[in-house]
């Protein structure tokens, strides 16, 4: 995703100049830097963050490093767009929040790009306009072609589901109260990436029902339907043509998330650059990143215990 | 189609008893009769028509025999459902009309089953309710998987297009004024069943634009869109499920017209049986059969001459 | 539904003669009988069941009477098509089963008409052919325009959900192990027919996730998606046209279940009449009726207790 | 459209700096310039074109001025993106072509933005890959909500249809041989913007069938289906959500072309800026602009004469 972000910043966003591409893998850093007209760097990323000639930081490094690098960006007073998760644990997320609160200014945007996706934007607008009445249930489906061998069901909750947790929380403009995780215990449920089905209750009593299915095989497919008192609104994926051959009329699925969310990434990064210019924060905050990680932790507990688990979100600092 | 009609009458229509299955092929007559609990017959069909124990006649014989058999049914005063065409030439159609007019009573229904198809019924209703305003254009697409080797472009006009000619005339409740036939002159346009594109003008000045494509390869597919002053209404084919596999979400096409128009045939034959009971005619009349054949003849002339050809429909007898 | 069944039998199913229409409301009995060319009757239905001139019984009376009337039909050795539920409690269902087992012959068909719906038939076929691999999850959505004032959330489970319980059990060819019921506790969840969301686990470990939403407002809408290891298959409702007006392209929803399941009812009743002729049972058995009632009872317990409740299905008698 | 182009260049395309916004209306020039951080100018546009501090020119002025301004840009040796049409007459288009040929270098890109639309790109790719075999027919539908009072049927051919003429020529990679124009002669065909239906034959004998309907009322809607020997491919418009309310499931239409082709404009302008950097021309050339104007002229003649009219395209200069 780092290379994608570099390309987006370099070729699709006016007002920004990609200066340094930093990657532990020197070869990859060089390749991406060459393609994007930037300088490559493969050692200490903290030097880049501290570099006074750099105005802002985009973090797309391994998840475990997100917290530390974001803290460094805050320490140097620079705006930072951090890929999700903000940090792998809610405790570490809180450290970032504490640092940002102490700094007294919002610097962190978390890469929940779906908030910029035209489909979810439509959905949120339809809800806001009252077209479907007040929201009652949100059905979410997240499907990948296949999970890597090391992917576990727990990771379905901690790595894939946060996108769903955040976008449902954003669309519904609410917080979560509890989560119940189910799992099809099929003959092969031992295989990597076995799906999970979650029922998450909001503090207002709405239900967010989420399927995470990382071995869906048939394609990358994110679906969502928001059910209100007077109607429902569903996402529609960007598919540009329909082909009729061999006794079938078909719409294609992408193999991964890139084509599905290309526009969301472009708009997110454009909004981030603009937020740097204007000083008005955009997108998901560190607090939002914390909220997503917190419900994921409760989800893991629910999967392990086989019961509903409460989500214990503390009071939101006034900065957010 | 004869065997299908026998099955429909025997198994889906209450109030009727299939008595005799008559087919020149004795083996086929026997097989269909056995399946439908009727008596087989393979020689003179005129005997069946004259048989006083038979109340009504359904004709699904080769096209060239339709006129003669229908005339025999009229002569014996029996209701008859004749598969389209009523007769291969408009002149022969007029003979049937003359006979029916002399008899002074409508006995003939022509098998334009699309008039009973729920999609076209919806379309006609939407037009009648004024939802889309007055009709301006009707786009029709008729596609078969493949044409038999002996099928010519002329036959596309005389054998396939009459269904379109009739249903557009029925939905629009009008008659035709002229027809212009075009043909893609592609490298293989010499191959059997090369498509034709027709622009037919109604007496009210509306345009009916028809593609007949008997080698469409991808499936049996009938589409239609009626464009009015305020909106448009399109047909939607009966497809009962959608399957997502191999990076595609697909809807299936049938291999031939049977699944597409199964309900239309059932409703048509039910309406025919009911019309025999009530004496109130249903469906397309002999006059409608004539009208479809007449515009097809003008279409053949247009294809041959490369110009627009007028459709010369005489005054409608008061019987219709 | 009784009047609908009378009309279907009288006008769409060959091989049967509707003889008596029995309804406690004498006026309604007379009206439906007149329309369907049958005799009206408004007192004791047990007399009709015992009448030796009657070959078979179709029960569409109030739910509470189903068990008693079905037992009477079994006692008189007559085939019976009983609208769902077979009986309001699993205990009473077991009495019917006991009676049928003692009689030693299957006489009871339960009116789970969805088993004959072309969409579910497609879905079951796709699963059987292996197109989507083995089934993992089945998402079911049942939505009505509005619930009557006396409708409770408990009734969503006992009256609406049985259709879902049965069809998922039928498509998956399995039985249920446990059920967890959730409910959006929204500001108005006290209003009649508040929705429920259920996660039902099969004995094979698959998940059947069911939304019952009887105040969906926007239309009658039944959706279903079966997710397998290699793909997914979704139901597609019968909609025959698409209209574009006022900046919208729209497909219509029916106001109730009749148009959605018209074909299923016709095919169900046709199969029932045929099963009487052939002696080979069709459709859902008394045992299937019992299974649906049993999981509904567990669902009510889950709603009340707020926990997962086991479904305790006994061994299936060899008759089924 | 000029203001839109200014916004796109200023906010979505890296590598370019919008310097001057020139509009005869000083107020509008000032407003757009303020919004896009450029300088306003309302008098002689030829000064802007001649200004040595300006690298490239984007022309979105009234149609009648396109030719003159483009010639000025060529004269000053500057790359120019000219909104369609290149010029109102094919004769004037040829003057631009002559000037560019004399200059010996391609400087002109014509704003046929559909060439950059993802839907048409998909269609062209599907054709190129051989998925649908060789192309036989291309059905095109162009619908606007309403035409201005001064809009004539002739303008439907000269102003709206060129987009269709160009994109079909581009997708099919061919030229046109003849055109036949029909018109629904409805009761109100005298009203402004009465629709036209055109059958255009390519030099390879394919048929391009085009409906131009500028008073379609229901929405802005561009449809297209390319029919090949083995299948067909259709455009799918960008619609991001589907809403179910009031017994309808609906997809929205935009009120004008902007939302439909927003991505095409962005990609077109991005490609133009990149072509300036690289010197490799992108998009439609002056020759393409001429070809579209030429077939439109033949179309007007066909409408007036009521016959098929040949399209007389001269030999293409080697520059193109």
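Which chain is which? They are A, B, C and D, in the order written, and residues in each are numbered from 1.
As a working rule, contacts are C-beta pairs under 8 Å (C-beta built on N, C-alpha and C of every residue); 3 or more make two chains touch, one makes a residue touch a chain.
Here the structure is a predicted model, which means the values were calculated and not measured.
*Asks:* Report back the single chain whose CA centre is most distant from the CA centre of chain B.
*Replies:* Result for max centroid distance from chain B is chain A.
*Asks:* Look at both sides of the chain A and chain B contact and report whether the same residue positions are involved, with over half shared, or different ones.
*Replies:* Looking at both copies, the contact residues mostly coincide.
*Asks:* How many angstrom lie between the CA centroids of chain B and chain D, rounded to a whole number?
*Replies:* Measuring from centre to centre gives 42 Å for this pair.
*Asks:* Taking the mean of the CA coordinates per chain, how far is chain A from chain B in Å?
*Replies:* Roughly 56 Å, centre to centre.
*Asks:* Mark out which residues of chain A touch at least two other chains, giving numbers and ranges.
*Replies:* Within chain A, the residues that touch at least two other chains are 132, 217-218, 230-232, 244-246, 251.
*Asks:* Going by the contact rule at the top, pick out the chain D residues touching chain A in the complex.
*Replies:* Listed in rising order, the residues of chain D that touch chain A are 10-16, 118-119, 121-123, 126, 131-132, 230-236, 238-246, 251, 263, 270.
*Asks:* Considering only the defined contacts, which chain B positions touch chain A in the complex?
*Replies:* Contacts found on chain B: 217-219, 221, 244-255.
*Asks:* What part of chain D is in contact with chain B in the complex they form?
*Replies:* Per the stated touch rule, the residues are 132-134, 136-137, 139, 180, 182-189, 195, 197, 199, 201, 204-207, 209, 211, 213, 215-218, 227, 229-232, 307.
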